[in-house]
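In what follows, subunit A forms one complex with subunit B and a second complex with subunit C.
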Partner chain A sequence: MEFLKSFIQGVKSQLAVHLFRARVGHGLFWVSVGFLMLVAGVVVSVNLKNQWNYKTLKPRGQVGLNFKNSIEMIEAGSLVLGHNAGVSAVCSAVASAGSGLLVQSGFPVFTKNVVFSVLLGFLLPLWCLTFAVEGLGAEREGKTLFWLFSKPVPRSSIYIGKFLAVLPWVLIWSLGGFFVLAVCAGDCGLFAFKLFWQPIALASVTYASVFFFMGACFPRASLIALAYAFVVETLLGSMPGSLKQLSVAFYARCIMFQKSAELGVVLEQGGGYGDFSETMAICFMMGIALLFLVAGIFFFGKIELRGQR
Partner chain B sequence: MMGVSVDSAKSDAVPLWCRKVSKWHGNFLGLNDLSLELRPGITALLGSNGSGKSTLMNLISGQLFPDSGSIHVFGIDPWTWQGKQLVGYSPDLDYFYPSWSIKDFLARMACLAGIESKRVPSLLNEILSVVGLLSVQTTLLRRCSLGMRQRAKIAHAILMDPPLLILDEPFRGIDPVGRRDLVQLLLQFQTLGKTILVSSHELEEIEKLTDQVVMLRSGRVVSAGPVSRARDRLLNKPVEIALEIQANEKIRLLAQSVLSNSEVLGVRLLEGEKHVLMVLTRKPELVFSHLVMISIENNFLIRRLEVVDEAPAEVMESLFEG
Partner chain C sequence: MGDEIAVIRCRNLTRKFGSKTVLNNVSFEVSQGIIGLLGPNGAGKSTLIKLILGLDIPTSGDISLFGKTKVELGKIGFMPEAKAIIPSMKGFEFVAFAGELEGLKRKDALRRSHEILDCLSMGEARFRKLGEYSTGMIQKVKLAQALVHDPDLLILDEPTAGLDPPARNQMLDYLSYFARQQGKSIVLSTHLLGDVQAVCDQVVVLNFGVCLASCSLEKLVGNKADSYLIEVAGNQIDAIVALGERCVGSQDMGGFTKVFVQCDSSLGINNIASKILAAGGVIKKFVPLEGNLDDVFFALLDKQRLVAN
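The block that comes next holds the complex of A and B.
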């Protein structure tokens, strides 16, 4: 009972001192801002060219007509074949369906190219580590852990309190960044944001837990976290086969895949994202977050302040 | 007041109780089977660099965990959060949150320590006034002098009004007036029944504070006793004077002349430099005047004459000799 009281006190005091006091302006922060601006710029330019659709889509590895040209050809065919009412009607119907698909194709194109590839594969881990690694990593690197360790509260409460204090920053930054990209893409982007903000938020919390653990327990955690983000999330996460299941992004994609499938949109066939139900993917992500949180509490509780002088 | 060998069982009433404590830093043995017991009052912890002072203080304050043996502060393990309530520690580290002011730093530390927020303003005023930082409380820590930061650390140590205070080199960087105030403050704490362990190289200040010293060497307690004894030994320690002359053929004659002085304990030639004579004496000021006299008489051209400066570590080592 006394422990619980002290634990709650420790978490509350950490939140009171550190909530909304995250350090911005450090190197990684500006790298994150830079990448957000770069990707937003590309998304805006694609939007201005009205290319968030299947207009320029071609069969893989083939030359010739793209999707839009094909529809135009079919439409023209229906006019040319006007004397044959049956064939003309079929051509007309196919052309109309194709045009409708073209109008609605913005969402899967944006999701596949921006959300699945760039956001989950690279930007989101980078944004999350920007604040999560700094949580206790900055105290470790700045050799100020002593000021936290000298307080009469359990170490676990310091760890949890600090984690909860950085979490709003991680969520604001990752969801905010996603929203900026969605706005830049227009209607299809905003639709994707409405549909996918929850898996992105859940992935952010999971990343936060992983990177917070690294910051608390390893020296030069930023480098380790960057290496993890690049090797596991970017490289392994985009590999064919089951290796991608090691990445957090995989489970976020599974949730998105299921949500899209409910709307009748199949995002990436053959990616293995349909193998996990939405509930399973959520459980996996929460499990990873919890595992790293528990591991962090354990290792953080054993840290001795050697060589702090 | 204090005992080196501890045979008594640990007790809730004993402020500090260490039993056969060892601590390794990699391949280096920081503390070696150390046993110590402190009673209320001020005790000075002396020892050369690397003797284990900071390791011991870090163990007592719960920043390190002993590899073997046990430590209890009022019967509680200082590694636990309960133990931290009982220890106020001012470490010999100089890392702060640079963008915080002194007042913000102490207010946030008070909050982290669980002090009621409504109590904090009055408590801070009191503590800042006690350590002499009231007028500069809004100064950012990155702009503070070493002395101001030192006072901020002491203010942090007394924030929770703990019964055991551990102060690692508290006089470092503090001006003479500040030192006097700090000595007064610690003496005042002593009268309140607190137990204070202070490490310092400033023997003069230690002597004003307490008569009780614990001396560490190679991670062991080598002696414990009155500080006056240590000071006498330091004052009587022989010093070496380096004497360099231009013509090295006269060095033998110079050595003979120097040795005629009864205050000279011995002479030696500096290895590799045959024109430098090292003179060992307990009274360098008397030997200086004698040297000037013999130089004029024998026409020695002296190029250098100086007392070889000793590092504090060596001075402290001398305390343990004999």
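The block that comes next holds the complex of A and C.
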């Protein structure tokens, strides 16, 4: 009972103090802002050129006509072959279908190029680690951990309280960043945001748990977290085969793949994203988050503050 | 010590990190008052503080506070040497936060925070952010957070570090006030021997993990009636060995050794001189000790080195 009381007190006081005090002025934060602006700039530029569609899509090997030229040619064919009513009608139908597809193709093109590749493969881990690593990492660097440990509250309450305080910042930053990119892309982006904000939020919580663990348990955690983000999430996450299942992004992609498939859009053939059902992918991500949370509480409880005064 | 319960009692306390012994069979007991914890860098002071706070476990031996072996953190107030502040918090908020971590309710923590800060003459400065504070004000806030829950024992790690002489004197006055007027026991870990001589009643001297002295300050520095400084040339080591327990400390001056001696009725000045001469020593100077802690402290360290050699 005494433990529970001091545990609740510890969580409450950490939440009260840190919920509104995320450090936003540090280097990693500005790196995150920089990358958001860079990618948003590219998305806006593509949007201005009206290229969020299959217009410039070419067959493999980048030879031959692109998608738009092909449709124009079929339309022209229907006019040239006007004397043959049957052929002309087929050409017109194919051209209309192609034009319709062109208009609707913004969503898969944006999702594949921005959400699947850039956001999940690089930006999201970076954004999440910006706040999550700083959570207890800043306490360690600022040498307030030794002081905190001298207080009669369980270490687990410090860990959980601080994690809960950091979580809203991680979610605001990652969903906010996704929303900015979506707005920059226009209608297709906003459609993708509406469809995918949940898996992005879930992935953010999972990343937060992983990076918070690193910040709490390792010195120079920012470097370790950056190395993890690049090696596991960016490199392994984009590899063919089953190696990509080691990355958190894979399970977020699985959920997105299922959600798109329900709309009849197949986002990436042969990526293995169809092998996991939406429920399984959610369970995997929640399991990873929980695993790192428990591991963090355990190791944080065992930390020896050698050299700290 | 009599029937009075020792504030801190260490019995054969040893702490090893791998093959390195940081504290070696340390035994002492201190009663209510201001206790100076002295020792050069690497002496084991910080490790001893961690053991007192229950943040570390001794390899062997035991430690008890107020007669209890189980550390009650709520009875201890700790002021770390490191800055250990949250720069975005206001002074009174930080102290109240410490109070909440100590188990006080928010309302009580705020009330106590203002009381303590009033007592430390913090005035309107308490409403400013800690990031804008001078070193002196930070030290005061750190002291206030250690006092907020009205602990019986205060452990202060370098409380006067970085303070100018007026601020240092003010801090020492506060320590005297809390010990003499409010009956707190204070462990003052410092390198500044002048601070210890100014306010401490008892002293514990550590070096290389060994307890060189633990007694009242008066006993350690002696008084003019029964303590002497003797400069010995010739066979210096044999002379020191011959004096045995009477030799409180010695300091190698290159060519001769300063020896600090305590006499009593059973071993007068003449007997001491005889012992030195019989051991082959040559007495260059024989004067009453001025009661200077600096001399005694360095003598203790030198004696340890001589004996080890």
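Everything below uses one rule, namely that the second predicted complex is superposed on the first by the 307 of 309 C-alpha atoms of A that agree within 3 Å, B and C clash if a C-alpha of one lies under 4 Å from a C-alpha of the other, contacts with A are read in each partner's own complex, and residues count from 1 in each chain.
Following the convention adopted for this analysis, a residue touches a chain if its C-beta (ideal position, glycine included) is under 8 Å from a C-beta of that chain, and two chains touch if they have at least 3 such contacts.
Computed from a prediction, not measured in an experiment: that's the story for all the values here.
With subunit A as the common reference, the superposed partners subunit B and subunit C clash.
Within the superposed three-chain model, A:V17 lies in touch with subunit B and with subunit C [touch as defined at top]. Residue contacts after overlaying the shared chain place A:G41 against neither subunit B nor subunit C. When the two complexes are overlaid on their common chain A, residue A:P154 makes contact with subunit B while staying clear of subunit C. When the two complexes are overlaid on their common chain A, residue A:G176 makes contact with neither subunit B nor subunit C.
Of the residues of subunit A, those at positions 6, 9-10, 13, 16-17, 142-144, 146-153, 304-306, 308-309 touch subunit B in one of the two structures and subunit C in the other.
For subunit B in complex with subunit A, the touching residues are 25, 54, 58, 61-65, 81-82, 84-85, 87, 89, 91-93, 95-97, 108-109, 111-114, 156, 160. Of all residues in subunit A, only 5-6, 9-10, 12-13, 16-17, 21, 142-144, 146-153, 304-306, 308-309 touch subunit C in the complex they form.
The touching residues of subunit A, when paired with subunit B in their complex, are 6, 9-10, 13-14, 16-17, 142-144, 146-155, 304-306, 308-309.
The touching residues of subunit C, counted against subunit A in their complex, run 17, 46, 50, 53, 55-56, 72-74, 76, 78, 80-86, 88-89, 93, 97-98, 100-103, 106, 157.
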